[in-house]
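Chains here go by letter, A, B, C, D, E and F, matching the order in which they are written, and residues are numbered from 1 within each.
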Amino acid sequence: MTVLITVINANTSEEMTRAIERGARSVAGPGTRIHAVTPKMGPAAVESHYDEALAVPGLLAAIADGERAGSAGYVIACFGDPGLDAARELATGPVLGIAEAAMHSASFLGRGFSVVTTLSRTRGRAWDLAERYGMRRFCRGVHACDIAPLELDRDPDAVKKTLAACAAALDADGSDAIVLGCAGMSDWSDQLGAELGVPVVDGVRAATLGVESLVRMGLRIGTRDEYAPPPPKPYSGLLRDFGGREG
Amino acid sequence: MTVLITVINANTSEEMTRAIERGARSVAGPGTRIHAVTPKMGPAAVESHYDEALAVPGLLAAIADGERAGSAGYVIACFGDPGLDAARELATGPVLGIAEAAMHSASFLGRGFSVVTTLSRTRGRAWDLAERYGMRRFCRGVHACDIAPLELDRDPDAVKKTLAACAAALDADGSDAIVLGCAGMSDWSDQLGAELGVPVVDGVRAATLGVESLVRMGLRIGTRDEYAPPPPKPYSGLLRDFGGREG
Amino acid sequence: MTVLITVINANTSEEMTRAIERGARSVAGPGTRIHAVTPKMGPAAVESHYDEALAVPGLLAAIADGERAGSAGYVIACFGDPGLDAARELATGPVLGIAEAAMHSASFLGRGFSVVTTLSRTRGRAWDLAERYGMRRFCRGVHACDIAPLELDRDPDAVKKTLAACAAALDADGSDAIVLGCAGMSDWSDQLGAELGVPVVDGVRAATLGVESLVRMGLRIGTRDEYAPPPPKPYSGLLRDFGGREG
Amino acid sequence: MTVLITVINANTSEEMTRAIERGARSVAGPGTRIHAVTPKMGPAAVESHYDEALAVPGLLAAIADGERAGSAGYVIACFGDPGLDAARELATGPVLGIAEAAMHSASFLGRGFSVVTTLSRTRGRAWDLAERYGMRRFCRGVHACDIAPLELDRDPDAVKKTLAACAAALDADGSDAIVLGCAGMSDWSDQLGAELGVPVVDGVRAATLGVESLVRMGLRIGTRDEYAPPPPKPYSGLLRDFGGREG
Amino acid sequence: MTVLITVINANTSEEMTRAIERGARSVAGPGTRIHAVTPKMGPAAVESHYDEALAVPGLLAAIADGERAGSAGYVIACFGDPGLDAARELATGPVLGIAEAAMHSASFLGRGFSVVTTLSRTRGRAWDLAERYGMRRFCRGVHACDIAPLELDRDPDAVKKTLAACAAALDADGSDAIVLGCAGMSDWSDQLGAELGVPVVDGVRAATLGVESLVRMGLRIGTRDEYAPPPPKPYSGLLRDFGGREG
Amino acid sequence: MTVLITVINANTSEEMTRAIERGARSVAGPGTRIHAVTPKMGPAAVESHYDEALAVPGLLAAIADGERAGSAGYVIACFGDPGLDAARELATGPVLGIAEAAMHSASFLGRGFSVVTTLSRTRGRAWDLAERYGMRRFCRGVHACDIAPLELDRDPDAVKKTLAACAAALDADGSDAIVLGCAGMSDWSDQLGAELGVPVVDGVRAATLGVESLVRMGLRIGTRDEYAPPPPKPYSGLLRDFGGREG
């Protein structure tokens, strides 16, 4: 039997959705079908807390769609892991964020890792997540390569710049591994790992396999209390279609 | 000169907005004008991570409105402090959440406080916030009185039940103070304090005074990096009107 | 191509090795071959720090054997995760402990989990590991069912007693999930999950899938510094055959 | 009705008391009367743990005086917040230290702040306080400008040197805000903020407004246990006049 | 050659000084001479933060006396360790507090200890110290036996009550050891240990041996920065004799 | 009566055992007899987690020998403190590791210390121990002098290189004290302390005095639960002689 995993891009760039899809499919098991989704509403790129907050309604709508399509689990493919708690209330199967999955995987690969992300202003969010996931003790530094997310596949020097940022991070932090801090870097993980000689973790791959593993073990979020389905209620204004699971 | 502080309810209940307004006005200084706002879109009540996530666009729209009206600062009047980081990017003046302000104030009033909130499922969020604000060392327990937010002013026994939950929390935690865990409890802080004989902190009051104090000191969030205004960009779907500060 | 994963029991009970093998095989992907191993030296059961320390040489010898057999990765199937750091220096591929994998997986399934283990005296080690892995914030309690490891499959009431300990732990800790604290409980995870209505995580399954995932992503421990192969040197006495990787 | 707030300098410099008074009055609300006090005994400056310890009896005597004068609350205007716990037992109204108030305020203004203080040897105390108040996660660095407290208003280059230390701290720490680490810097906060382009927090202002806010909310320290009035008893030697509240 | 260690009681009770002296002498090595001191000024008992603050000038005067007498090191024999930092600046040799020494020793004797102290209101200070010393992970509980310090040798049931409090603490906390939370309990440590069957640590003994050990290793506090001798300066009022080391 | 303390080298170098013996004897009290032991099996040097793991059986055998000889306590003289928990189960008297004792002692000597150890790859273990002992808040850095343990007494420049590494560490970390990170540096502590002008702590000395102190107070590990003697059982293979205390 085939298992459907929905991998949701948090911005509205179709190009980034295709890159995410490639990453997820490159590791998914033979029985897993990957559906990569671009949300119907949201920001063109996620570059701020403001963008992240406004990416969430589109993400949640994509999960509601996935539930109707029988999706067994979900990956939130944006390094800020936006809407993760809400998504876990909404979905029947497991949900992982790519920062979450990448950091956990990296913690198996050494005593410390460095995150290399896009813009400097997003580093605070990465630290927040490291703490939330218990990974602060492993996260030795969060570094920006100063390329905006949507420039990652337009700037011809993007890989080179990212490679340089990774090398500098490894030295500055004395780390054992690199965590790529943007879904848009997913295509480069093997190349960077080969050039740097250290494990380079792509969260899209890690989260896809993490969800696949939880599904194979028959595990989903506990619903005794905090993560029970959200109580249905009226939503007003633009959001009137979000009235809970029954919606 | 009068200073305008916008106090934003996170749900769409006008009754709760009025209660919040009463709380804020009861403490604001003579030179401060309080504008209490009900968002134009969002959930009827905030009872889950899902509700909280979907309350954020309406909150941010209210801040954009406030900016146009010359608001000097903002209070996010929902105990989950939804959208706080995004709001701080968007607003010119200071922004405080009521959980944030209440917990900080309570930390001045003893070695430990107990939070008494509405539904059990929201306790996790309160713990998250306590940690984020550095208040985990002061927060000894988060307790639910098991009354849904919108029942607070409908259930004739609501005060009595909340009082009992506070008393039980003080004993269980050995705390010095109570933090009220819902904007809808704002009306009761004096009464509960008098009956319990301990300081009872209402976040609406604390946040209103906190914003007023920051405004008086001429302080607003630092914009060197993470909290600079969000880079403008296209937003699609229902959110197409949210395209950054330039709006 | 088939991938070989070696799953190493830390005690010398063949029965427990068979149970571990069943658990690992029940979740391994179609391209994965599971080799479950009983070490050639070590304690009959692991019930103390002393037993754990003396289980390590046999575990490391099993890894050296696995390296010669081309094993792609390893699971240390004892909830104390004995010898994990040494194993990571010795092995070419990834190595996971079952406590490590179970705790990480459980952190995806709620805000807090409870560990249910065998003997009371082993609880300290579980707390140590929770801290080491960054999982202390998720680990709400470690509880003993007071059955010695080797009694788990002899005591006809063992499942019933473990079920009762799990139910009590969930209530006492307000947890969302259970982590089984002994490889010898691996057979029961589905049954316990069904009866308790919460996710019950078996570390043998979680670690097997964790190793399989790392192998699929081409990731192994970083060897820049701490986890480089151990410098070869003479070992004396009973351990003279352990002289480093070169053997 | 006018509210009296007593602001206590911890050393015996009248000049510093006047500077503190200016800072407090510049922000206090129209209904607040500021009484700035120089203690009758104590060190000429606070430059060591030893000085801080010996500043405490004079501070406590000033609070006893304030109680007799009907003071509604107190500010301890020395960045080491000496005697804070004892003061809270003694006073009927709220008591804030300036390090405490400044750090809390700064936590509302970004993800991290830097403290700039006088002498290098006082940095340890600032770290201690950051931890005690839960502010360690926000405090990214404590830096000395290497000017002794009493030189602050004598050294013609003091502002320039402090400005340079602030700029260096912001860069080294990647902070969003500055906390001034000495009451003697209170006069400079606006100027430094304007030149640096970041929020610069003066604890004298922040604590004055914090006490004013607590008074307006009718809140004072909880007296259920630790912070109940100190049990009266004989004090011998020089301190024989300190025999408890009844004194 | 004989080494002089000065053990300073923090209150003015001669009886307690004698008990402290007995404890220190019962363990000191043959080459060590113990001088137990009652301060010339201070509170009759230490039962509050206020008392603790006012005990410090007398303690520091006793250290200044000790320096003149050639004391090789000091024990601060009050469980709140009052004035420890100031004492370390003032003394040439090592200084230990009894809470500090007891907690460190207890951390060698198991995974967790329980503190049993006198009055409930002093528990907060014990937690503060546990954190400061890095011992919070070992300190599982702080419990009061509800006997005022000066009643310890007057109440004929004091040992019995303390024994009961210790037994209850061990059960509630699942601890391996007891730390006695008052210098006035020093006489009972052997008896309590024998009756409870667990290690019972008396801080007076532990600190005496700790200072003796540091002296034997030739170690004293580092004076590169924070703990250099306090800069001399004028002190006014009652404290005019405290003008620094030169005094 | 003479008290016997057994000091166990963790590698098989007789030269290092002699250095350890010198360190221990230089501080032990007149009534203490030091027995320094080279284990009968184990690695020639401890340079990796692998070496450390394989040092443990020999260490435990030495403790079993010590028990038969009536040893009152034990020092594990290797900076990784290998086998400490197991040793504490096995021994009747107290057991201290040299990293443990050195870090605790250094915490009495300032706000922060720096560890200077041999090879870079062992730094991770030192951080692990600092955390386990609650000493992370005091440990500001772990630095390697890049001399292999067995080269310490062969390289004529070893002291000079270590001195340089200590000086650099003090500057980089702003520390008050140095902790020597290898038993093989024991001979140099006085010389280094004199040249650096800061306290330099040798763990062999500190642990010897720590054990002596615990013995003098009549304290040993609590055996209520985790540290009770290990339950006897069959051990197979090379380790068949390790069958528990009854052995």
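Everything below uses one rule, namely that contacts are C-beta pairs under 8 Å (C-beta built on N, C-alpha and C of every residue); 3 or more make two chains touch, one makes a residue touch a chain.
Chain identities (UniProt): A, B, C, D, E, F = Aspartate/glutamate racemase family protein.
Since the model is a prediction, treat every value here as computed from it, not as a measurement.
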Longest centre-to-centre distance from subunit D, chain (CA-based): C
Rotation angle (°) superposing Cα atoms of subunit B on subunit E, nearest 5: 120
Between subunit D and subunit C, distance of the C-alpha-averaged centres to the nearest whole Å: 53
For subunit A paired with subunit D, centre-to-centre distance based on mean C-alpha positions, whole Å: 44
Intercentroid distance (Cα basis), subunit B paired with subunit A, Å: 29
Multi-chain contact residues (two or more partners), subunit E: 111, 124, 225-226
Residue ranges of subunit B in contact with subunit D within the complex: 27, 29-31, 94, 96, 100, 104-105, 107-111, 133-138, 170, 174-177, 189-190, 193, 197-199, 201-202, 205-206, 209-210, 212-214, 216-222, 224-227
Subunit D partner contacts - residues on subunit E that touch it in the complex: 12, 39-45, 47-54, 56-58, 60, 83, 85-86, 88-90, 120-125, 128, 131-132, 148, 225-226, 228, 230-231, 233-240, 242, 244
